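Shared between the two complexes below is subunit A, which has subunit B as its partner in the first and subunit C in the second.
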Partner chain A sequence: MKPWSALRAVVIAIYVFMLGPIVITAAVSFNQSNRSQFPPRGFSLQWWHRAFSAEWLDPLVFSLKLALLAALISTLLALPLAFALARHRFPGRAALTALTLGPLMLPALVTGVGLLQLFQYAGAREYIGFTALLVGHVVICLPFAVRTIAISLHTLPPNIELAAASLGASRAAALWHVVLPLIKTGIVAGAVFAFVHSFTDVNLSLFLVRPGEQPITVKILGFLEYGFAPTLAAVSVITLLVPLALVASVERVSGLGDFIYAARERG
Partner chain B sequence: MAELRLAALEKRYGATVAVAGIDLAVREGEFMTLLGPSGCGKTTTLGLIAGFFAPSAGSIQIGGRPVAELPPFRRDIGVVFQDYALFPHLTAAENVAFGLRMRKLSAAEISTRVREALDLVQLAGLGERRPLELSGGQRQRVALARALVIRPTVLLLDEPLSNLDLKLREEMRVEIATLQRRLGITTVFVTHDQGEALVMSDRIAVMNAGRIEQVGTPSDIYERPATRFVAEFIGRMNFFADGTRTLAIRPERARLSLQAPGEGFARRGTVKQVLYLGGALEYRLELEGGERAIVEVPNDGDAVHYAEGAIVWFSAARESCYEIPARRP
Partner chain C sequence: MARDHGVIGSAAPAAARQSERLPWLLVAAPLAVLLLFFALPNALLLSASVLKSEAQQLTNELTLENYSFLFTRPLYIWAFLRTFIVGISVGVIDVVLGYPLAYFLVRTRSRWKGLLIALALAPLLASVVVRTYGWYIILNRFGVANDLLLGLGLINERVAFMPSTGAIIVGLAHALLPYTVLTIMGSLQGINPNLELAAMSLGASRARTFFDVVLPLSFPGIAGGFILAFSIAISAYATPAILGGPATQVMATAIYGFMTQLLDWSIGAALAVILVVCAVALAYAAARLGARQGAL
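Our next item is the complex of A and B:
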């Protein structure tokens, strides 16, 4: 029993380190005074009230819109890309792989600076803001979507498309009736990862915002420069709950766990 | 149901020749087996017939109609894959219905034909299960029903028994062969298992290195092999050089005795090893002159047993000696 209790202690410690800050942040948001004290003194919802004002809701909605669109576009782009990379050998395949997966290794900061300069030199300065952010987010979200879809393509049983063809399914019919249903989880997982990645990004977004067009993460960072108010704690909790709720609800419907842990056996 | 005809069929991958010019006519309703070691081109040939890839040269005709240019989904060919390739997201019944749905049949007709097909392979009542909830043998039957329900002109079976355990494999051999004869469907069966080929086939085409070595009935192939490769690949064979001729004697046709036999082929030798096979005893001999030979003696209670080291006569009646034809030019 001894090794197990040691292991349990380690696991508990990890959870405390991971969840502790979140618990503290949540608690701080209920402080009565405007001092960020922990444990909180008194109880008040005034910071939460303030968190739900336009000042904070606008960037939150902006982030949601941005993440939804970025997830949608990168998933749609990832589908044909994943097919090409997973199924075909063609000249330039290595280059395409590097281009697609590159942003995964590159600090988003670098991508952000690069995009900023690109938009400036291209004389497209007026697109800095939502459009530039969307382009940047698609670039950094694409690798996640391509990876998960490619993984689900690799887990397809071999011969399954040939079987569909032998039964009279054209390539389009085989894709629609056999391949897409089987890689559905991968597509959904890719889209969710892309959404979460876009929603939580701050490094890239920092360079591409303009007044009135900034995601919640950048807004939080900007506010932090003036100090920490319990409002920020409330906003942080809200910002945390959005991706959490998304992942939890998708997980219930289609089993993201496959992609977070390991692909389940398919027969 | 139709005749299948392959003429000068070739498949090359760059410099590699997978199928090196095959001529083969499978008669209407015939059970034809492509038998050969792995890499002999049998599965490639099957893929060419199914249309999974295009031949480098040659023609394929089904019922007199050239099909080599057609995509697989227009060929009306049923295929059972080695790994079954069932659709994991569909139930057994939906798997069977797939080909009918692609043919846009009415829902009523689909459900009738799916039920019939599942009955045919004795899976009535399991239609709602998904492939993962079925045993290997049941998956095999679903794959068979799925291929048969579209009433294909030709049925192709790609080593469909190799993933089953021994007992089930032997059962399914007989079952598939019986079903094929009942439906009278032209069938091409690919296997590397000579036992399967001998039991199930009307005729066997033995393949080696992309070519067909011999086409014939199971007894033709076993008793009158056209080449040394066929003789060695199917069953076991003792070979003896006799001048320019090569004599071949099956181990179960050879005899052992202490006295020299009166007539036929005979050589003296020493018993080197005796293997107990249950139903038979296998004697491994070293003959005078250094040749090795194997004799299989049925363990029928009458057999005289010889100890290792015994000096014995290896012999075979004249009709048990087969002369391998000289290599054709």
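Our next item is the complex of A and C:
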């Protein structure tokens, strides 16, 4: 089968293109020289040592806090919203759907600019920083959580609550004991996608930072303007490992694969 | 299989039709957040774009000056053009690279299939900033590409690959490839493999089967992948900021300039509105082409 082996060669080349820059970044972080040379000259951990200084750890911890809170809040907000959209019919449902998916459709950059102007014109300038970032991240993460939860709600037989009710369960009990446990994977997946989306965002955060209150992505971006050192390579690898570790550990426990298609629009 | 074929948009199951009114109890909190922190800021942008501003305070004076300013300055006309050149190039590159990869991942019987899919999607876990930094290491004057070409004797002195529009295109094509792969995989998975067997049993060659059966059927995936990459590319900030420079402005970097350095928020708002119009038009085009398999 000749076409297939040709395809395989093409695919290998595409993988090299996709993963090459990441591998090179990781390798460069072990450089002994202060240039980002590849292949690295010598071996040293000095850049890693610097990456773990307060200058880089502070924005990293800031990003972690922001992403955890944004994931938690957007999942809590998404749960009832997904339930309403997936299981109820009401006037204005189409409009609500459009509004829910809006932050996914419109560029996050624009939402960031809009929020900056909102806080400014509302005289709430002092909230720019963590609070404004959290609000913005909740908004842009919400569609991911809603969609993932809606997918898992659709996999349930529609009359599962009726079945529970016919066995004497109240509506609340049916929700709590039957529906919620069955969509648990969807909820966890939604929260993970929200976390990753928040942790890797830069387009929205750009406009809502203040000194001392900026996520790691914005910090890296600012640092790049002044030049770059292998420290940045080490920091980059760390910021890649955080979501990777999260996804890998959640995948082991509950499986995100079924929901991956929900993440395909606008990561 | 409950993929996202109309997951949210589809009709609610009949048995669950308990309510004919808006279920306020369920939607009140998320609706408030979306109205206050998504709809309102966007409405504010739209109005700020048609109002005169002085020292970051809006006046009541209606004006189209903000738009006419943008459309008459060569700098910003070039930024528009460059943005679209980048968007189209990124979309084309990602479809050309993404299609064979998606086809391979859907059809392979390798026992590494799961791992290969994970590897293709893993780059999404890294921020665009991190992935673009990799290209900085490769493309800068003292970077890997220069070292390599010098070492091979292909160039005699160091070449500036960046800042340039080409570098922005490469960086963004790299950053957005996984989205295109996912979109095309989604549409390839929807094609019944028996159709190919049927075509071949009727005497079509492998190549003919692919070009006459598989490729046309996967068109929604191609269109969707292209539009998705295009629409993310035109609003991307980080990659043009890192791999481009003052001479290679795109819309996103121009917006950032107006908002943070030039402090002309009205023109910044006008640019943002133009970006929104593009995004909505693209989403509409995608829907018309059947690309967003019911995701909306």
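Rule of thumb we're sticking to: the second predicted complex is superposed on the first by the 260 of 267 C-alpha atoms of A that agree within 3 Å, B and C clash if a C-alpha of one lies under 4 Å from a C-alpha of the other, contacts with A are read in each partner's own complex, and residues count from 1 in each chain.
In this section, contacts are C-beta pairs under 8 Å (C-beta built on N, C-alpha and C of every residue); 3 or more make two chains touch, one makes a residue touch a chain.
A quick note: this is a predicted structure, and the numbers were derived from the prediction, not measured.
**Student:** Given the alignment on subunit A, is it a clash or a fit between subunit B and subunit C?
**Tutor:** On the shared subunit A, the partners fit.
**Student:** Please work out whether A:Gly42 is in contact with subunit B alone, subunit C alone, both, or neither, and reply first, second, both or neither.
**Tutor:** Neither subunit B nor subunit C is touched by A:Gly42.
**Student:** For A:Val196, decide between first (touching subunit B), second (touching subunit C), both and neither.
**Tutor:** After superposing on A, A:Val196 lies in contact with subunit C but is clear of subunit B.
**Student:** Have a look at where A:Asn159 lands relative to subunit B and subunit C in the superposition and call it first, second, both or neither.
**Tutor:** both
**Student:** Any idea whether subunit B or subunit C touches more of subunit A?
**Tutor:** C
**Student:** Determine how wide the angle is at the CA centre of subunit A between the CA centres of subunit C and subunit B, giving a multiple of 10 degrees.
**Tutor:** The C-alpha centres give an angle of about 90 degrees at subunit A.
**Student:** Please indicate which partner A:Gln120 is in contact with in the superposed arrangement: first for subunit B, second for subunit C, both, or neither.
**Tutor:** Only subunit C; A:Gln120 stays clear of subunit B.
**Student:** By the touch definition at the top of the document, which applies to A:Ala169: first (subunit B), second (subunit C), both, or neither?
**Tutor:** first
**Student:** Tell me which partner A:Leu232 touches in the superposition: subunit B (first), subunit C (second), both or neither.
**Tutor:** In the superposed model, A:Leu232 contacts subunit C only, not subunit B.
**Student:** In the superposition described above, what is the shortest C-alpha distance between subunit B and subunit C in Å? Please give a whole number.
**Tutor:** Least C-alpha distance: 8 Å.
**Student:** Both subunit B and subunit C contact which residues of subunit A?
**Tutor:** The answer is residues 158-159, 162, 266-267 of subunit A.
**Student:** State the interface residues of subunit A toward subunit B in the complex, per the touch definition above.
**Tutor:** Interface residues on subunit A, with respect to subunit B: 157-160, 162-170, 173, 177-178, 181-182, 266-267.
**Student:** Can you list the subunit B residues touching subunit A in their complex?
**Tutor:** Residues 50-52, 71-79, 81, 83, 85-89, 98-99, 101-103, 131-132, 139, 146-147, 150, 156 of subunit B touch subunit A in their complex.
**Student:** Which residues, counting only subunit C, touch subunit A once they are in their complex?
**Tutor:** 2-4, 7-23, 25-27, 29-31, 33-35, 37-42, 44-45, 48, 56, 58, 97, 100-101, 103-104, 114, 119-131, 133-138, 142-144, 147, 174, 177-179, 182-183, 186, 206-207, 228, 231-232, 234-238, 241-242, 252, 255-256, 259-260, 265, 268-269, 272, 275-276, 279-280, 283, 292, 295-296
**Student:** Where on subunit A does subunit C make contact in their complex?
**Tutor:** Residues 3, 7-8, 10-11, 14-15, 17-22, 24-25, 28, 35-38, 77-78, 80-92, 96-103, 105-111, 113-118, 120-121, 135-136, 138-139, 142, 146-147, 150-152, 154-155, 158-159, 161-162, 196, 199-203, 206-207, 217, 220-221, 224, 228, 232-233, 236, 239-240, 243-244, 247, 257-258, 260-267.
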